[in-house]
Structure formats: C-alpha cells, structure tokens
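You will see chain A twice below: alongside chain B first, and alongside chain C after that.
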Partner chain A sequence: MTEEERQLAINPIVQSSVQHNTQVISNIRNLTASLFGVAAGTLGLESYPGFIFYLLGTLIVSVLLFMFRAEGQPSKYFHRPMSDLWLGEVFGGLSGFVLTWTLFYGLVRA
Partner chain B sequence: MPFLAAVLNTMGLVFLTHAIYSTHEHHSLTASSPYKTSTTAIPSFPSIPLDILIELLASTLALLTGIVLSSPALKPIQWSTWSSSLSRSGRKSEGKYTKENIEVLGEGDPFQFLGLDSVREGEGRRGFWDGRGARGEYVGWVKAGGKA
Partner chain C sequence: MAQPVVQTIHRDPALFWWILLPITVVMILTGILRHYAMTLLQTAPKKQTLAQLRQQRSLVRGITLRTNANVLSPSSFQSRKAYMVQAYQEGKFLADPEARGKPRPNPMSDPAAMEGMMGMMKGNFAMMVPQTLIMGWINAFFSGFVIMKLPFPLTPQFKSMLQSGVGTRDLDVRWVSSLSWYFLTLFGLQPVYNFILGSNNSANQVTQQMAQMNPGAGMMGPEQDPDKLFLNEAENLEVMEHRWILDGVEDRLLAKYGL
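Then we have the complex of A and B:
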C-alpha cells in the first residue's frame, strides 16, 4: 500500500463530486478559451503574443475560479489542486482558442 | 449572485460586440487612408485606439467574471464533508423525485427515443429510499400528536 492509497483509505473521496467538478472546470475553460480567441483576434495578435495572451487569460480564470468557486480552499474540491484547478484543461481549450482567434482575425482585419 | 452574473454577462456581451464592431470600422477606415497614423516598432502590437482597447479588455474581464459566477457550484470531494453537507441540506437538493420522495436516477430505457416500445412505462431507475429522512418525518408526525 502506498502512502496515497493509505491516505485515500482514511479519507475517501466521492467520485461523483470529482466528476462534477471536472465537468464544471472543463465547461468554463472551453467557454473562456473561445472568448480569449475573440479578444486576441480583434486585437490582431499574431504568433507568440497570441499564445502568451491565452496563457495570461487562463491564469486570470484560474484566479477567479480559486476565489469564487473554490472559495480559497482548492483541496476541498480538487484531489490535486495544482493539476485540476490551476492547470486543468488549459491545453484542452487551446484548439477552441485558435479557432476563434483565426476567425475573428480574419473577420475584423481582412 | 446570479443576478450580478447575468448583469455582467449581458454588459460584457454588449460592450464586446461594440468593441469588435469599432475595431472593424477603424480598420476599414484606416486601411484605405494614405495616412498611417500608428506604426509601432513591434509589428504584432495592437494598433487600435486606446479606448477600443480598454473597452475590449474590460468587457472580456466582465464576461469572464460573469461566466465563472454563473457556473454551478463545486461539490466537496472529501466523503466526510460531502455527507455532512448532504445531511445538513437534506437529500432533496437536485434531480427528479417521485411522489414517494425517491430519487429518479435515470429514465431506465436508454433506447426509448427509438419508439420500439408501444407503451411508455415511465419508470425510471430509482435511487435509494431516504430512510433517515422518512424517520425524521415520522418522528415529527409522532411529536405533533400522531394525527394524519
């Protein structure tokens, strides 16, 4: 038995809550990623500045989630707060970001 | 809080649309003009007026806050906190319930939409019977005098 297994045996976690939280985080990430794409395309960012903009935006979303949804106690809602809250689904939203980024760049600038 | 989120979302959408429209107008006006006013050193630096830039970023921030605030609340994952919050708030927090206060977990037949069954049963997969809740109701009924 590893240390983590022992810890889980003492403090079991509720699987349905974990699924619900992951779903909520994933929804928010996808929505905000397309929103960042709209902003980046309208700003006319190209190449690396666009991706830096996206990373800065996801950091803001993480802080908002930390303050308003996790109420400052991420370990109460996430098994691994670092990978589930701060980095969760960051790269899953990247495709949606590029999609709206290129769309709005073309719509506004071309 | 839901009202604030709705206000933030609506305002954010309106101002974001306005900012995008302004950017489009700005570019369609300056693209044909011979006087290029803003030539910045960095080629990909936003070359839009400052007021549109501020409007765009502020509306994005408002929309972000609105989206986060309007999302459903997270549930505690620790079994102890989760069950204590359940017993405090009662089991009837969400989902569908039958007349006997039993939770309906699913519609039962996942292929109902095919219409192969001529008679719709309407029986869902049932959750557990809330024994503690029923006992609490019974105790309350006894304390109230035991009249139906």
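Then we have the complex of A and C:
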C-alpha cells in the first residue's frame, strides 16, 4: 500500500460530500455562464473577444468561489483544489454561454 | 485588398416572438416531458427469489469486505476471509448448485436479459421520437429564411446545415436559419433543466447518449456465470494485502499533538 492510499484510509473521503461540492460548483458555473452570455451579447462582442470575455469571467468566478465558498482553504473542501475548484466545469458552462450570447446578440445588435 | 463588405439584413422584430420564443419554449417543455416520461417508463426491478438474492448479495458482501478491510483487526479479517473464501469455493451461496460447471444458456433466450434490452429500447425511443418531431416541425414551418446572426464565425462547411433552404451562395455563414437555433437550445438547455428538475434529471438526450456508452459497468449481468464470479472473488480475497488502520496509531497521535 502506498503512502497516499494510507493517508486516504486514515482520512477517508466521503463520496456524497464530494458530489455535493461538485454540484454546487457546477450550478454556480452554469448560472454565471448564462449571465456572461447575456452580458457579452448586450455588449456586442464578436468571435474571439467573446470567448476571452467568457474565460475572464470564469476566472473571476473562480476567485470568488475561492474567497467566499471555500473560505480561502480549498484543500478543506476539495481533494484536488486545482482541477476541482479552479478548472472544474469551466467548459461545462460554455454551451449555456453560447446560447444566451447568440440570443442577446441577435436581439440587441444584428 | 478591400475589407469584405459586412452584410446586413433587416429583419422583422416579430421573428423573435414568432420563431425564437416558440422554439425555446417547446424545447424546454419537451425536456420536462421527456424527464417525466422516462421516470414513468422505468420498470421496477423484478422480484427475485430468495436464493438468487442470496447469491447476489453474498458476492457484494465479499467485495465490501475487500474494500473495507482496513477497519478490521487482523484476527477478525482473517476469520471473515477464511469463511468467505471457503464458502465461495464450495459454492455455498449459489442459487442453483446443480448448474455448476455447465455452460450458460444463450442470453437471447433468457427473459431477464430481454427485459434489460427492452428498457434500453424504450430510452432510445423516448429520445428519438421528440427529436424527429421537433426537427420536422421546424423544417415544415420555419425553413427558407435566416432569422439571426451568430456572434462568432464558422467555416463554410456548416453552410449547408445551418442555412438549409435559404439557397443563396454568397451569404455569410454567420447568418443562420431557425434550425441552428434548435441545435443551440439542444446543447445549451442542460443548465435550465438542472434548475427546473434537479440535477439527476433525464431531460437531455445528449447527456443520456453519453451515459449509455458504458451501461452498467461492473454489474452482475445475467449472462455471467455466478460460480466463476465467486471463484474470482475468492482469489481476490486470498491475495489481498491487509493492513489495519490502527497500526501505529499511538505514534501518529503523539506526532499529531507534538508530544
């Protein structure tokens, strides 16, 4: 048994808590992605600026999650903070973003 | 070379009320309907006989013993292991001890396997029918004109799909007809379903198709020989390395509190 497995046996990870945390992250990401789509469409961003806007927005959301939801200690809530909190579900919200982006761009600009 | 001329098309604002909004509402309602249809179509698990249930649960018991062995002291783990391995090898838990060593029957003739296939067919059916209906509806009513401009450029390969029925050669690919709004809603409405129906909904066909790629991996299917599974589990238990979680707990405790 390796050292990591021993550590996991001593401090076990509860699966339902992990699922709950992932669900919370995913909900926040989906909601904010749709709102970013509304903002990008209203601002009339096209092609690359729109996607860069989305990436910047998700970065800000990641920082807010880190500060308020994880209270500055992501390792307390996530087994792998890098992939679960900072990068988790970044592309899951992309389809919702494109949907509202297209809708509001079509309504406001084109 | 001059800048390409930006094509502008003036469209009636009523397009939003009569095309975009109806398609979106229909897509959301179809998703909700599909969710409830899938919930209602799910067949309750068939009642099993006592012997079959014992066969199934005793295999699960072996697996549970293996995964949670760390919390058992060495002596209690050894006695459990000895009992389970012996029972597995003797075939004590088999539902049908006479069938040991005989070849399994053809899974196509087994009614339980047919039931599982029927369930999968129903799932596919509930996905295919609304998809075909809505695409037919959109093609019948809303094809032949562009309704909106995409905010990002696409390659010309998409022209035939997204501008179906428009038939102008030089129109920018970014102008799309109503079918592309259907595709956008198809992929982008999952968060909406999540908020309406809760996270474990079965509203979206895209996620369902992904889930069907590996149906029930690791489940004890009816076509597998239970005797082989038992012998396999006995071997797994035999070779596993057991390490008690309380080994050296005193040192860890003292180290933790810095004494």
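Going forward, the second predicted complex is superposed on the first by the 108 of 110 C-alpha atoms of A that agree within 3 Å, B and C clash if a C-alpha of one lies under 4 Å from a C-alpha of the other, contacts with A are read in each partner's own complex, and residues count from 1 in each chain.
Assume a residue touches a chain if its C-beta (ideal position, glycine included) is under 8 Å from a C-beta of that chain, and two chains touch if they have at least 3 such contacts.
What you see is a predicted model; the values in this text were computed from it and never measured.
Q: Would chain B and chain C fit next to each other on chain A once aligned, or clash?
A: Fit - chain B and chain C, as placed by superposing on chain A, sit side by side.
Q: Compare chain B and chain C by how many residues of chain A each one touches, and report the one with more.
A: Comparing chain B with chain C, the partner touching more chain A residues is B.
Q: When the two structures are overlaid on chain A, which partner does A:N11 contact: first (chain B), second (chain C), both, or neither?
A: first
Q: If we overlay the two complexes on their shared chain A, which of chain B and chain C does A:T32 touch? Say first, second, both or neither.
A: first
Q: Applying the document's definition of touch, where does A:L45 land relative to chain B and chain C: first, second, both, or neither?
A: In the superposition, A:L45 touches chain B and chain C alike.
Q: Could you look at A:R80 and tell me whether it touches chain B, chain C, both or neither (first, second, both, neither)?
A: Neither chain B nor chain C is touched by A:R80.
Q: Scan A:V24 for contacts with chain B and chain C and give back first, second, both or neither.
A: Only chain B is touched by A:V24; chain C is not.
Q: Between chain B and chain C, whom does A:L99 touch in the aligned arrangement: first, second, both, or neither?
A: In the superposition, A:L99 touches chain C alone.
Q: Check whether A:F68 is in contact with chain B, with chain C, with both or with neither, and answer first, second, both or neither.
A: first
Q: Identify the partner contact of A:L107: answer first if only chain B is touched, second if only chain C is, both if each is, neither if none is.
A: both
Q: After superposing the two complexes on chain A, what is the shortest C-alpha distance between chain B and chain C, in Å?
A: Closest C-alpha pair between chain B and chain C: 7 Å.
Q: Common interface residues of chain A with chain B and chain C?
A: Common to the two interfaces on chain A: residues 27, 31, 45-47, 107, 109.
Q: Please give the residue numbers of chain B that touch chain A in the complex, ascending.
A: That would be residues 16, 19-20, 23-24, 27, 43-48, 53, 56-57, 60-61, 63-65, 67-69, 71-82 of chain B.
Q: Show which residues of chain C lie in contact with chain A when the two form their complex.
A: On the chain C side, the touching residues are 8, 16, 20, 70, 147-153, 181, 184-185, 187-191, 194-195, 199, 241, 243, 245, 252.
Q: Note which residues of chain A are touching chain C in the complex, please.
A: Interface residues on the chain A side: 1, 6, 9-10, 23, 26-27, 30-31, 33-34, 40-41, 45-47, 50-51, 93, 95-96, 98-103, 105-107, 109-110.
Q: List the residues on chain A that touch chain B in their complex, please.
A: 11-14, 16-18, 20-21, 24, 27-28, 31-32, 35-36, 38-39, 42-47, 49, 57, 60-61, 64-65, 68-70, 76-79, 104, 107-109
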